[in-house]
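So that we are looking at the same thing, I have put the structure below in structure tokens.
The first chain written gets the first letter, and so on, giving A, B and C; residue counts start at 1 in each chain.
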Amino acid sequence: MKKLATALSAVTLTALLLSACSSNNNDANEPSSAAPSAQASDKAPESAPADKGPKTKLVFWTFDRHDNEYIKERVDNYNKTNQDNIEVEVTAMTENYVQSVDIAFASKQAPDILRPNQDTTIPFVKKGYLEPLDSYLTDEMKTKFGPTIQDQANQFDGKIYTLPNFGYTLRLVYNKDLFDKAGITNPPTTLAEMVEDAKKITEAGKADGQYGFALNFKAPKSALDRSAREILQLSGIDGFGYDIRTGKFEFSGFKPVIEAFKQMRDDGSMLPGVESLDIDPLRAQFAQGKIGMYLSYSAEPGVYQNQFPTEINWGAAQAPTIDGTIKGAAGFANSGQWLAISSQSEKKDAAWKFLTYMYSDELLKDYHEKGYGLSAVPSIAAQANTPAIKGVEGFLLTQYDALWPLPPAVTVQGLNYGDAFFKYVLGGGSLDDIVADLNKRYNEALDKAVAAGETKAVVDPSFDPVKLQGTMLTK
Amino acid sequence: MKWRVHIENYGFLLPSFLLTAVLGIYPIFWAMRYMFYDYKGYGDMIYIGFDNFTRLWGDELFWEAVRNTIVYAGGKIVITIPLSLIIAVILDRGLKGRNFLRALYFMPTVISTAVIAVVFFIIFNSYNGLLNQFLTKNRLVSSAIDWLGPDYAMLTVIILAVWGAIGNYMLLFLAGLQSIPGDLYESAEIDGASPFQKFWKITVPMLGPVMQMIIMLAITVSLKGYESIMVLTEGGPIGKTEVMYLYVYKLLFPVSTGSAMIQEIGYGSAVGFATAIIVGVITGFYFMLSRRLNRIY
Amino acid sequence: MNGIGKWVSRVILWLFLLIIAFFTVFPVLMTILGSFKSNLELASGATIWPKEWHFSNYAEAWKQANFSTYTWNSLFVSVASTVGTLIVASMAGYVMDRRNFIGKRFFVVMQASTMFISIGAVVLRPQFELMVDLRLNQSLWGVVFILISAHATTFFILMGFFKAIPRDVDEAAMIDGCSFMGIYWRMILPLLKPGLGVTALFAFRTAWNEYILPLVFTMNTPKLQTLTVGLTNLRYGSGAAMQTHLMMAGACLSMLPILVVYFFANRSFMQVTAGSVKG
């Protein structure tokens, strides 16, 4: 017993010592390195205009990390200057956003303002977490956001649940130095060129550990969704396998792209170990000049400026197409959603006031110009200046970027297309069989979901990808 | 007077019984309820009878996970148990500096799984991992080994498991070795027995019951382990290291954005149930086997 | 010949132990070294020694994470669940070993089944829902109770040790007029120390390293998070990429408490082993 007591007291002592040491460093939630304009980050709302009694406190949960400091600063500003006696507390969640939200709603402690995204909006709406915004929208807002409202993205059953702010363009990211070293003047415009270029770069640089191509194949679907997707979309094929003209899934369009990936791997032009490569290690290697090219979202400039500062000459170019002809447009990704109000909130009106502030022209424009994301709202994109971030030039919207109609969300049994295709890249087999199997399983899942009323299979035989071109540019 | 005895008996048992029943057994029944439904965490729960199980029967991913789990657990046990036993035996002999060594072997436990993932990735990654650097620089292999690739990922994951487990089992064996009376060894030495003979004729038999328990513990733990796999390979690449419990976890808890799997509580419960049965069968099988061996000894 | 033979075997033994020791310690070393590296260096792997020593990682990690809170929470959960487990399991083990009554078999089967029949992460949902209903999810007690409920291993291990304590002890105490509870508290527990020591160490370590359980329970309440959860969250600061270097620094800081505990537990452990020096 004595031993236990001694042990316990020693341990408690240690804990006390630790807490004593940190008594100066409380408030880990305070922004430690906020932008200069928010230096007076004393959250002292008491000095705000007119003490109108107890403040309405709003809880705002977001999972965006790249703009964390900026959002905190904007929220602080709002807290200090708003005339409605509202105080907002913003928390940036880690990777468990969905689970946190589930738990919060289950224990009736939901936040007031949420940040849904392209994957979570449908479940959130289905679970009844989000409050429709239609009654709050002013005519002005309806005009401003009109072109961005998309069914199954931010509108469901005629009701709008969230409004967009920014989106990501998809590009080929390449290392100019390595291209020069291999004697290639321009980034590839066809799949064949891409395979060829990767080979040349590897030959020129292998001795220095440099390889032509890489992707984050640790998560195959994520890898394909940032690469095969826009290659297909530019070639006039849906990037997720859904053919809106027939209302069915048809994965044969992927074949050339998957063959190209397999070829690059067989050639040895891919960084060794891509199958266990996560996106950040990939970026780290790219920053160190070990990778010739990869495909990804417009989040990359931010990464190479802040997290993995690099000295290589890199740039972004439009992704290649299957045969060099452009028959469609690259998707503008993850762009339909940003903020939403919780259905469980008891302060919806106050939450809406905060949303008005966040969605103001001024903030959206500033967001775009500071390089946190390319604006998805046409009127904002038209008046905003180029974002002040190195390397973003290649990512800016062109006539070959557009919003594609969304494929229906289905629960497929067995391997999803990412895993199934990657299996082929690694181990070979019959690509035709894989495509046939995917078609079968995805369409079965689609039929099941439609029968259960979970989703609608939108059919539009007149859909023409070429018509998408130029739609993101304001006239 | 009799009352008193009953109160004492059941009273002492109560906390354990209550906690186990409420927090340990009840959840199993909860899960069993969901097994027969199609439930994705929202919307209606549709009764589908045994459909989840029919799906399970044909689910290639699941059966691969079963195979992987057995390989993983088997590999881990086959390497760890003899190794930790030998180390325990050596340390038990009062070697100088053995406390220091014991502390070293205990080290793996002080690091969390997320950190382990980062460090092991640095060591094992195929592109510039430390292990490959060491092997190629010293010409031990002709070309870099793809430790996290489809061929070797399982081996790597087993190595990680062994690394984490050696210290534990060594401690357990050490505790067991304490109970062997020293005189047995002394009289054996007087009779001129060699270290080997002492080991096989005294240590192993005397350690029998303890070893049985330890192996049983090892089997249950290894079959259930998935956290370290989850952070290192996430079951990849292409499902080569997907173990049963990881599959269950993925079905129940949606991984972050851009994930491949969709939350399916109904199916997940069914898979969990099937997994429990498989583990139970394997453990039960071992139990009967060891009983038989007990009688022989 | 004998002398050399002995010497050779000694060397081999030592080599063997040292190799295993190196194998065990190397990743820990890498963690410590990694805590001084930059994020880029960590993400691109490849080096053992840091190219530059970033001592600021520790300051940053300390600032961004609420270390004292996390440590306190981890300690609370670990100590509470260890003490709870020991009490619950030893009480049950005591009465199971010393007395006979109806339902003994059933109880053993129940305990064994919780060990062998495990459906994995599925249990987290009902456990969580239960705790919400009991309002215990607002504090860490929910986590503690769930940890205590998994005492089957401790129970079986202690049963083994109970069997080793002779009944004469009980009888002598009863003659002296000790109650059942008294015997338990004053006579048996002290004799059970070796068993308690081992199981305490394991229970503490299990509770300390728990990740998924406290993660689910404290996802939305940062001030309740334990070290395992809080540290992993360090990865995500501002910026689209992970701040692994801070997580490593945090991990090193959190090694300290458990090392202290191990040190003290080892001391009591040594009492056990001191009595049996061989060869």
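In the analysis below, a residue touches a chain if its C-beta (ideal position, glycine included) is under 8 Å from a C-beta of that chain, and two chains touch if they have at least 3 such contacts.
Here the structure is a predicted model, which means the values were calculated and not measured.
Chain contacts here are complete: no pair of chains fails to touch.
Per-pair tallies of C-beta contacts place B-C first. For the pair chain A and chain B, the distance between mean C-alpha positions equals 37 Å. Centres computed as Cα averages put chain A at a distance of 38 Å from chain C. Our note on geometry: chain B versus chain C, Cα centroid distance of 16 Å, whole angstroms. Across the assembly, chain B contributes 121, 125, 127-129, 253 as residues in contact with two or more other chains. Among all residues of chain C, those that touch two or more other chains are 44-45, 232, 235, 244.
Under the contact definition stated at the top, the residues of chain A that touch 2 or more other chains are 95-96, 99, 281, 285, 290.
By the touch rule above, chain B contacts chain C in their complex via residues 5-6, 8-10, 12-13, 15-17, 19-28, 30-31, 83, 86-87, 90-95, 99, 101-116, 118-123, 125, 127-130, 133, 163, 166-168, 171-172, 174-175, 178, 182, 185, 195, 213, 217, 220, 224, 226-227, 244-245, 248-249, 252-253, 265, 268-269, 272-273, 275-276, 279-280, 283-284. Partner chain A is touched in their complex by these residues of chain C: 39-40, 43-45, 62-68, 71-72, 75, 79, 128-129, 132, 137, 189-190, 193, 197, 200, 215-216, 219-220, 222, 232-233, 235-242, 244, 256-257, 260-261, 264-265, 267-268, 271.
Of all residues in chain B, those touching chain A in their complex are 40-43, 46, 55, 59-61, 121, 125-129, 144, 146, 148-150, 153, 233-234, 236-239, 253-264. For chain C in complex with chain B, the residues that touch the partner chain are 9, 13, 16-17, 20-21, 23-28, 30-31, 34, 42, 44-46, 48, 87-89, 91-92, 94-96, 99, 101, 107, 110-111, 113-127, 130, 145-146, 148-153, 155-157, 160, 180-181, 184, 194, 198, 201-202, 205, 209, 211-212, 227-228, 231-232, 235, 244, 247-248, 251, 254-255, 258-259, 262, 266, 270, 272-273, 276-279.
Residues 1, 3-4, 6-8, 10-12, 14-15, 18-19, 21-23, 25-26, 28-29, 32, 65-69, 91-92, 94-96, 99-100, 103-104, 106-107, 109, 280-281, 283-285, 287-288, 290, 299, 302-303, 306-309 of chain A touch chain C in their complex.
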